[in-house]
Amino acid sequence: MKKKLCMLLALLLVVTTLGACGNGAAPASTASASASGGNPTDKTPIKVAVAGPLTGNYSEYGIGFDAACKIMVDKWNKDGGINGRPIELLSYDEKSSTEEGLAIAQLLCGEDNFYGVVGHFSASMAVGTLYTEERVPLISASSSSAGFTGQGDCCFRLNATISTETMGMLECAKTAGKTKLGVVYLNNDWGRNAYDNLKTLLQEKGNEDWEIVDAEEIAGGDMDYNAVISNLNAAGAETAIMFCYYDSVVPFTIKARTVMPDLNIVCGVNCYNDTFLKVGGKDVEGCMAPSVFAAVSDDPDVKYFVDEYKARTTQVPSSLTAQAYDAMGVLLTAIAENNGELDKEAILKSIQNNDYKGVTGSCSFSENRDATRNFSPMVVSNGQWIYY
Amino acid sequence: MILEVKNINTYYENIHALKDVSLEVNEGEIVALIGSNGAGKTTTLSTIIGIKKPKSGEIFFMGKNITQTSTHEIVKMGIGLSPEGRLVFPDLTVEENLRVGAYLRKGAEIDKGYEYVYSLFPRLYERKNQASGTLSGGEQQMLAIGRALMNRPKLLMLDEPSLGLAPNLVIMIFKLIKKIRDMGVTILLIEQNANMSLHIADRGYVLETGCVKLADTAANLRNNEAVKKAYLGG
Amino acid sequence: MFVEQLINGLAIGTIYALVAVGYSLVFGILRLVNFTHSSVYTLGAFMVYVGVEYLHLNIFLAILFSLVTTGFAGVMIDKMGLEPLRKKGASKISAMITTIGLSYIIINCLNIAFGSQIIRFPDLFNYGTFKLLGATIAWQQVIIGAVALILLVALSIFINRTRIGLAMRAVQQEPSAAAINGINVNMIISLTFFLGAASAAIAGTLIASYNQYLRSSMGDIVGLKAFAAAVLGGIGSLPGSVLGGLIIGVSESMAVYKLGGSYIDMVAFSLLFLVLLIRPYGILGRKGSTKV
Amino acid sequence: MNMKKENKSLYTKAVITIGQLWENPIIKGIILLALALFVYFLPKMATLYFQRIAIMVAFYAIGAYTAVLLTTYRGTNYLVAVILGACLAGAFGALLALSTMRLSGTYVTIVTMAFFYVISSIILNWDSVTKGSVGVLNIPAPNLFGMKLTMKNGGIFYLIMFYAALTILATQLIINSKVGRAIKAVRDDEMAAIMMGINNKKYKIIAYTLAAFFAGLAGTLYGPFMGYINNATFNYDICISALVIVILGGIGTVKGAIIGAIIISPLGELLRGLTTFMKGLPEWMQISQPEQWRFVIYGMIMVIMMRFRPQGILGGQSKLPYKMPKGVERKVMK
């Protein structure tokens, strides 16, 4: 009796799988739908998506992406959409989980009239292959993993690669002129790769004056940074290069100010945000970071974005948020360029060859689909990120 | 009448443990409750002291209805219980155990309590700073009774005080029970050793499978053929 | 350098100890691993923040406010979540899952109210640094260690020397015997939850002011480490919890000193693993008092 | 399919997401995990469910990593890698059983929890082999007899369902065997089992090994499914979702685990729909961070279920009479 029931359940599982595979066939119908997209009187919305963690430990990133993309889409819709068709932004919560991100990617691939995704945070390394299979353009505003764009020719990265960012941070350190470097790096792929990168950078260029006196791997999160600071202090570090997220940089900096008040702190692009300044207060004064985006800029596009963002979220947009804004800009421009002819391959080509100029500067991609980013050293002064 | 139990029915989930049990205890008496294992003796005591709540029936202590009163209130009113298996606090010293017994008392009363208990059980005085888990069985039994006495109860209920003790100790414990009664404490006694308990008791109840089968004076019960056969070893 | 790392370890270790004591108290009395403890710890720190930021209280009043509200929250957890289960005679697992569920509710409500990002917390004892045996030591660390130690001593006196403390120990050892001696067992359990929650609130406040920030996820790691500390020392034993906390704290700072920061968890838990294999009831735990 | 285009109401959205439900990898992973748990007979471990799940995740990770590393870097045949992964997890299970033999109750819990952290720590720090936090990229699709099973051709779903069916079958067979009954006896009352002459140590080890084996087997699916794994893949969140599912369905039954997975998974999706719906409400009816309430609801499910139906929706003591083997039944009847 029990055995039979179990067999029945097993059968049920198999049957539902068949159903699932039926859904999996969705892309076929998408193709026919896109063919009808050429009709100029068609008012069917053109769908694009933003996916990021709206809940969970990294929610601030996702919330930023979400808001920035909305601003961009609203701007386009105000100007009449694309070819008279409105743009619909689908927004998904990745819940800071890779599985969830993959589920969302599967959901998105089944959508009709759907032409591209901005984002993915936790799942960027898991979804690339799927999007490539389905020929959906994916532009990441945050990924720094070395292998991200290697997942397929539909994966574009608007964020700086690890080596570019490391170079930018080293430039910051050089500007400040303190030669004894203490590296603090997160025990994830970014932290470890960046540290390796820094070592090679210093070797290659023959920078004899610059030496790494201490390197500390940290677990991030809510750990006690005193032990790390003691090590740095003992090694006589003058500049701390922080390959970690701002939620580690701020606690570290606050602690370091007690024991090592003169320590020069250089952090990554992700620290260019409002929370960093608000929580860090006077302790983060003098912290340096390379950035492609400067909210203090006079550029009218930047002003529009910053004002609009402030109005919606009461915060100043972060560097990564600005990249998400530009990523959406790149995507929509590419769709519009193909004027009515909504062919995914053409859109991909347009993204690859774009000459979009956004709030984070030029957004053109290299052959490897990595954006070339130009950093300027920024520093915190009077509670604001300004040019150094 | 100090205690009156009227038709109580107590359940353990689906098991009907006490069926219409009624009993009375008069001031100054020793009342024995005898019966075989599982007859419901311990359940009766648990129900009286409020650890188990009866589904129906009423319990009166000194004229007050205590059926729904919580255990610590009942204890405060003057019922003490020396539980089956002694249940001393093993990591507390003897004196701390007694102190717990006097939990509801204050200041001088506590010291009086120590005096009272130590005079009854000089053995406990000798061991007063020893962890009670290290005491012998007899000593633990004394401690359990002493602890119940610390609160100066009007009614003391003893659950199997002679269980697992050497014969000479059993006699000593029964002597002590009589002595405690003579000092003015009413006693409700549960015993496997029906013979001994009916000797010191004034009245007795026989409990079988949750029902009161017999209620009489101890002397009559001792001579009852059925009781003799079942509980007194012929 | 060694001395400096030792002090770092001891400072964080006393905090672990303070949290571990809460686990130990509740475990001792209910034989239940109270998973709400780490969320109560977080709640305590947030209540101080609420007091300062929203009620505009003086910092000491805010701490008092936090102690009372968090302690009360601890009592509510017991009264609303666990007491009905005890009355029903539900299994231990039900109680444990209830605590997991409650902690999920508390943490995510905090998350909804304050967001998941870090929030600045007032600095209570920043008096600079001093030198000792060539080591740079922050006054913060000394004060935090001292406050935590004083609290632990006070708690230990309370439990070992007062009437209520005696009742707590009695309930811990034989709850049914405690009841027949006139102890209101439910009240003692609630009181234990109050004490546990209040000590967690103080620990949370100390940590938040030590790090000068707080956030809703701050209890995750500390809760786990403190739990490990309680077990390492022998759960249910107060001195054991303190010893366990200090061992875990020092071993962590030594891990950073000698191995690197990502070995923190590995060292702490490997240590726990080994100790339990050699002494199954923890360093100061005794078999008799830890029946489960 | 065309329905989708025209209708965007919450209802349709929910229907679609339920349709897509079986494409969510974690759900299938968890079904297997829960099934494996069922085999996880451990003596007197009823109180320690949470940690039981934590440790299953550890074995799950061992299986996943072994299979993934072998197929990705050594080009091992998929089937061979799967068997090796499951066996290695099983071996770790036996090892853990041996090391916890002296412990009881809560202490077993804690050791297993420590084990979970030590395993994840090893995955993180032994990066020359496990690739640590960088993770294993481009995990090849399982290749069975020259057929590539990918997400696109649906092969992977069939594979997972095949595994699920296999696991159900295997657990049923084991449960109804002599070994299964012995393990159950040890789990339910160790002392009585010893009295009856059952070698409790032997069966404890067998139980741990079997449980670890099935968890490892489930794990081997994970890598090809996600195409990417790293140290953060196997975390405490998986434990919590697994826990909620098992509680909701009913602890200790195969049916329960499956029902739990079926109910909980669309709940997440429905709440996602609900938040979309709430965003459409007028301003004054808005709730801040609606997405976050999902977790609060998870917590409430746990608390409410424990209060009113701790045995789960389907759980409960089997009321069926004990089934004797055929021969015995006849003799007794006569």
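Chains here go by letter, A, B, C and D, matching the order in which they are written, and residues are numbered from 1 within each.
The working rule: contacts are C-beta pairs under 8 Å (C-beta built on N, C-alpha and C of every residue); 3 or more make two chains touch, one makes a residue touch a chain.
All of these numbers come straight from a predicted model, not from anything done at the bench.
Interface comparison, A-C versus B-C: the higher count of C-beta contacts falls to A-C. Mean C-alpha position of subunit A lies 74 Å from that of subunit B. If you average the CA atoms of subunit A and of subunit C, the two centres end up 37 Å from each other. Per-chain Cα centroids separate subunit B from subunit D by 52 Å.
Work out the mean CA point of subunit B and of subunit C, and you get 41 Å between them. Touching two or more other chains at once are residues 111, 115, 262, 265 of subunit C. Residues of subunit A in contact with two or more other chains: 55, 187. Every pair of chains in contact is given here: A-C, A-D, B-C, C-D. Put simply, subunit C touches subunit B in their complex at residues 163, 166-167, 169-170, 173-174, 176-185, 288-289. Of all the residues in subunit B, the ones that touch subunit C in their complex are 49, 51, 70-72, 75-76, 80-81, 83, 87-92, 96, 99-101, 103-104, 133, 147-148, 150-151. Against subunit A, the residues of subunit D that register as touching in their complex are 1-2, 4-5, 16-17, 19-26, 29, 31, 124-125, 127, 132-135, 137-138, 151-152, 154, 157-158, 160-161, 164-165, 168-169, 172, 176, 226-228, 230, 232-233, 237, 254-255, 258, 272, 275, 289, 291-292, 294-295, 320. Contact residues on subunit C toward subunit D in their complex (touch as defined above): 27, 31, 33, 35, 81, 84-85, 90-98, 100-105, 107-109, 111-112, 115, 227-228, 231, 235, 262-263, 265-266, 268-270, 272-273, 276-277, 280-281, 290-292. Taken together, the subunit A residues at the contact with subunit C in this complex read 55-60, 187, 216-219, 221-228, 230-231, 233-234, 247, 250-251, 254-255, 258-259, 275, 278-281, 283.
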